[in-house]
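Two complexes are shown next, each including chain A; its partner changes from chain B in the first to chain C in the second.
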Partner chain A sequence: MTPPVRPRGMRLAARQALWAYAFLAAPMAFFLTIRLAPAAAALIISLHRWNILSPEKPFVGLANFREVWTDPLFWQAAGNTLRYAVVGIPAQLAGGLVVALLLQRITRFRGLFRAIYFLPFVTPIVAASWVWQWLYSPQFGPLTRILDALGLPTQAFLRSPHEALYAITAMVVWEYLGFQVVIFLAGLQAIPRVYYEAAAMDGADGLRAFRHITLPLLNPTLVFSVVYGTILYLQLFTQVLNMTFGDPGGPLGATETMVLYVYQQGFQHFRMGPAASATVLLFGAILLITFVQLRVFQTRVEY
Partner chain B sequence: MMRRIIGAGCLTLVLAFGGLPAAQGQQPVTITYWQYYFESKVKTIDMLIKQFESRNPGIHVVQETFPYDSYNQKVASAVPAGQGPDVVNLYYGWLPQYVNSGYLQPLPADAFSTTQIEREYVPMVKAAKFDGKYWAIPTAVRTLALFYNKELFRQAGLSRPPLTWDEFTSDAQRLTQRDSRGRPTLEGFGIAPDGQDHQLIREVLFRQWGASAYSSDGRRVTYDTPQAAAALQWYTDLVTKSQVAVIGFFPGGNGYRDAFVAGKAGMIIDGSFAIGSIQSSTKFDWGVALLPRRTAGGTPSNFGSFWVNGLTRNATGPRLAAAETFLKFLTSPDTERLWLAQVGEIPADRTLAGDPKLAQDPVYGPFIASLAYAHATFFVDETAQRTVMLDAINEVVLNNTDPRAALHTAAAKEQKVLDAFWATQAKH
Partner chain C sequence: MAARRAGAAWSYLVLASGSVVVVYPFLWMIATALKTPREIFELHFWPHAPTLANFHDVLLHSQFPRWFGNSLLVALVTTASVAFFDSLTGYTLAKLRFPGRGVIFTVILSTLMIPTEMLVIPWYTMSAWFGWIDTYWGIMFPGLMSAFGVFLMRQFMTGVPDELLDAGRIDGVSEFGLFTRIALPLVRPALAALCIFTFLGNWNAFLWPLVVVQTSDMRTLPVGIALFSGEAGSAWHLIMAASALGALPVLAVFVLLQRQIIEGIVLSGLRS
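Moving on, here comes the complex of A and B:
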């Protein structure tokens, strides 16, 4: 009597799964090394007095955290970073949505417009930042000419402690608008047209259709955009450094961001301990905010 | 017979090769030199290395360069990694931090004696002295001077550059051009708090107004005084009262120099390191003058700075002797002469700098004349100390803060920076 033959299908699936795990292991190892190991190192550094130049790096417990916690510049940077996010994210979302809705209505040249809106996203950030400095120049910039033509008073823009932050936010919104438009276009196209047709038959006009069909069904796209935007604005650095190059962090710290603070502590003053503690605090803040956002936006809309 | 031939052959071989001088059995020692990328400096070092290697066949020198903006970070991150060069080029203002870290070796006293250095080099070199020892030596030094646009001066009816700061203000007022809304389209003075002006305030204006920035041991901030506030007031009045200057007129790190070269700033205060780029880019007639004084016969003062070459702790064993020889060569009068011709920087050697031909040069003359009274600030954290002064200026200009109050806050902030540094020093 021959023993029963095990069905070959099971072993094949198991073998394929094994191959999948094997192939996944390589990028996973890479990811762990590149992303998690430095993060763990930052945590360790934050507990030591770590000057790049000094051979002695004694353990100091929470002293770095205490120092950062009592530094007024740190809190200014934290407040500024939140302000960047609170102003920039809605502006970016609203702008992106409006443009995407408009683009959806046209058929001719849609690709061309999409490309034009996307251009700022592929422009080198540093080059764009330097050109924008000139755009904002109260002496030579075209924005001032426009203000003159409208009879409005001259603004100092980047030289004003009150306006500089918003001036930089405007530049960042300009930069990411195209990206937002493309994301929203994709999200809008995923909404089946039957819903609009049904709504039209029930007599719902454009605005009501927008509120009750478009927005709810765009929820996944909105969640993604808000989370992406939050991480972007909470980590804002390159644009700020380049637009305030002679005096990084803007006049009197008005444009200082958390990451810029970390950079200055670690790479200009060579004090890695406080820099690492600021990074750990920033990490905690982003983690908390992202967690809250995902909870709040986690409504699945099905019709 | 055969054995004799073989024996003779062996003997010949032994005599031929055994009698060679021992030196040819040595490998050449290779040492590394780091500096930031600046075309004329890099080319000059290449020339110098060729000269040096032909005179010292046992030594091979490799030059490595890095972009200017990240040079300090590059050197600093090489320290804990135990990497980096044997001979390193540093800004003198970074010396205290690098000495503190143990990265540099003090210069060997036999080849570089303190008395010899202080006798042969211009006075400002004392800023490279730390703990009673010299840790690095400059090849060239820089001072500040007034660059002015001769054509704009002629058009404004000004026959000569200003001699006092009051003349400076009134000259700037005549040079400034405005549009229909009163906004300057051409500024009389290319003000630059983040350029050289913060150095100007500390080492020139404070001194000329009877104040001082730091105590003689460099440990205390001493500009929280009415005299220093008056100096700061004079400076900020250029923006707020006489309105002959606009901060950020041309955006960007060296905007003030760009504005001058574009003919949009009548005068700037800049270092001798700017001569090369101003010479090559400017299309109008320009001149250089001594920095003005507070009164016609008053105290002259200037800010001097320099880049130094030092030995790192990587230079050990045979490389140490080779590095010392190279360092001596790098800071010799012949090298300084070549440096002046190729890079355009003033020699650090007193005799060379005192060359009468150089003193009469219309461009170099004012810089040379300032060497005698040029002070090099002792920085413990140049970025932090610079930001403190920038913030004080911005407080007065943007927030209308009283200069005395602004300096009071600045002094407290800067004292914290100094205290933090000297506390780590105390442990050594």
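Moving on, here comes the complex of A and C:
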């Protein structure tokens, strides 16, 4: 074998580079004009008084940010969004882990159970949201019937400023539980059997094996789930709008989320400037929280 | 041994109870959809004389079939586009050498962090300028490619052996032919997973279509169901029929391809 002559090699490399640029032309155009430029535009819009109809869009500095910053509804939305995440993610993780561990212990119907728990994840969110709204009906819903049968007082659920947020969280957990289960199942399958056998020989019981083998080795899966879940919950919108459709944001703004706030500001009140500045703040919050989570969780255990 | 049996029995019991809770909303949806308007406000769970009239009403008196078609069109076109461009981009970034490769990959990857709602206002402004409001193109253009898909396909394309590609080059296969005839068939499972994910995502997309669609003709299914239900007031028999019509086709496909869909989602989920 003789090594290829240099000039020919150069020509080949140049040819390959040309092909590469040809293949990447459309994708690069897409990511620049439909992703990066609009992201920059959001920043620009947030610094202007941006009326879609008026040709004049004066620069207003940080006025939009100041407006959003001093809007009580924005802070209520921010607080609610965090509450959805803080309640929903642990519930989803704990539930998903329990179901995954139970599925590992059984031999029959494993596929069937897995499919059943997964059903909500493939159900269109809008349809599911309306079903849950009807499920929560204080007059005619089955939950009210159950409370009645148990002799408990009727609850307002979605119409109560204290319960509405948790009622929506329950629906979101229902929706993503099956996804969480299959992610945990994949994580559990990756743990080598020998660890458990060694632990059993050393006399460790199930609980200790779980604490010292399962949990640490499941750490990458947990990190993925927490980060993915956070991004999901911080962007909650479809479920909230549809479950409180007549009164978006719920009683006294109890279910308002950041994205719902953006939607209302931008597309119902047509105040694009404040809406854009709210998205910039949300973007910053997502980046910050994700970064902190990765730092905290990834340094904890490394095997 | 006995303890282990008892443990398994408990596992079945807990899993079965959980399943009942998970499935209950679907049963409630179907039961209501089969009831007469008067029956929905009565106490019994299952209708005494199940009727398909509500489905008939929704299909006939709303533009439901049209919305269904719109969603199908949007989801199919975006999925085909993502499948083609994302795998081509992933292949190029994984297998071709050229100056700027690292920069291009970083740029595409960085767009993954931008949340959709930050883009919605600029997309809307852009659509207003170009006259894309209330058009199919307007609904579809943000979803024609996905950075997540590029990342996923690049991961899998890295596993395609260089020797195979070089052998193809020696045989005179064009660079594009190397991609379609050698690389693509080798990453078929990942491509299938990407297609499932993309289809579900676009079929479900709500915020952007809600913003860009203005006439009933152009509504996608989620937007159609939401606005139809919003107007239906307390006609829950119709709302549940519309929800069921929206959910059942997806659920039917899921039941048929259950294993592939779940495994595909795990495959793509874990790679991210």
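Criterion: the second predicted complex is superposed on the first by the 265 of 303 C-alpha atoms of A that agree within 3 Å, B and C clash if a C-alpha of one lies under 4 Å from a C-alpha of the other, contacts with A are read in each partner's own complex, and residues count from 1 in each chain.
The working rule: contacts are C-beta pairs under 8 Å (C-beta built on N, C-alpha and C of every residue); 3 or more make two chains touch, one makes a residue touch a chain.
Being a predicted model, the structure only gives us computed values, none of them experimental.
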item	value
Chain B versus chain C as contact partner of A:F245, first or second or both or neither	both
Chain B versus chain C as contact partner of A:W134, first or second or both or neither	both
Touching partner for A:L103 - first (chain B), second (chain C), both, neither	second
Chain B versus chain C as contact partner of A:I116, first or second or both or neither	second
Which of chain B and chain C A:I52 touches, first, second, both or neither	both
Touch count on chain A, higher of chain B and chain C	C
Which superposed partner A:P142 touches (first chain B, second chain C, both, neither)	second
Chain B versus chain C as contact partner of A:H269, first or second or both or neither	first
Which superposed partner A:E197 touches (first chain B, second chain C, both, neither)	neither
Doubly contacted residues of chain A, that is, touched by chain B and again by chain C	52, 130, 134, 137, 139, 245-246, 267
Partner chain A, residues of chain C touching it in the complex	7-8, 11-12, 14-15, 18-19, 21-26, 28-29, 32, 40-41, 43, 45, 85-86, 88-89, 91-92, 96-99, 101, 104, 107-108, 110-111, 113-126, 128, 141-142, 144-145, 147, 150, 175-176, 179, 200, 203-204, 206-207, 210-211, 221-223, 225-226, 229-230, 236, 239-240, 242-244, 246-247, 250-251, 254-255, 258-259, 261-262, 265-266, 269-270, 272
Complex interface listing, chain B residues touching chain A	73, 76-77, 79-80, 97-98, 100-103, 181, 183-185, 192-195, 246-253, 255, 381, 383-384, 387, 390-391, 394-395, 398-399, 424
Residues on chain A engaged by chain B in the complex (per definition of touch)	51-55, 130, 133-134, 136-139, 148, 154, 158-161, 245-247, 251-253, 264, 267-270
Residues of chain A that touch chain C when the two form their complex	13, 16-17, 19-21, 23-24, 26-28, 30-32, 34-39, 41-42, 45, 50, 52, 98-99, 102-103, 105-107, 109, 111, 113-120, 122-128, 130-132, 134-135, 137, 139-140, 142, 145, 174, 177-179, 182-183, 185-186, 224, 228, 231, 235, 237-238, 241-242, 245-246, 258-259, 262-263, 266-267, 272, 275-276, 279-280, 282-283, 286-287
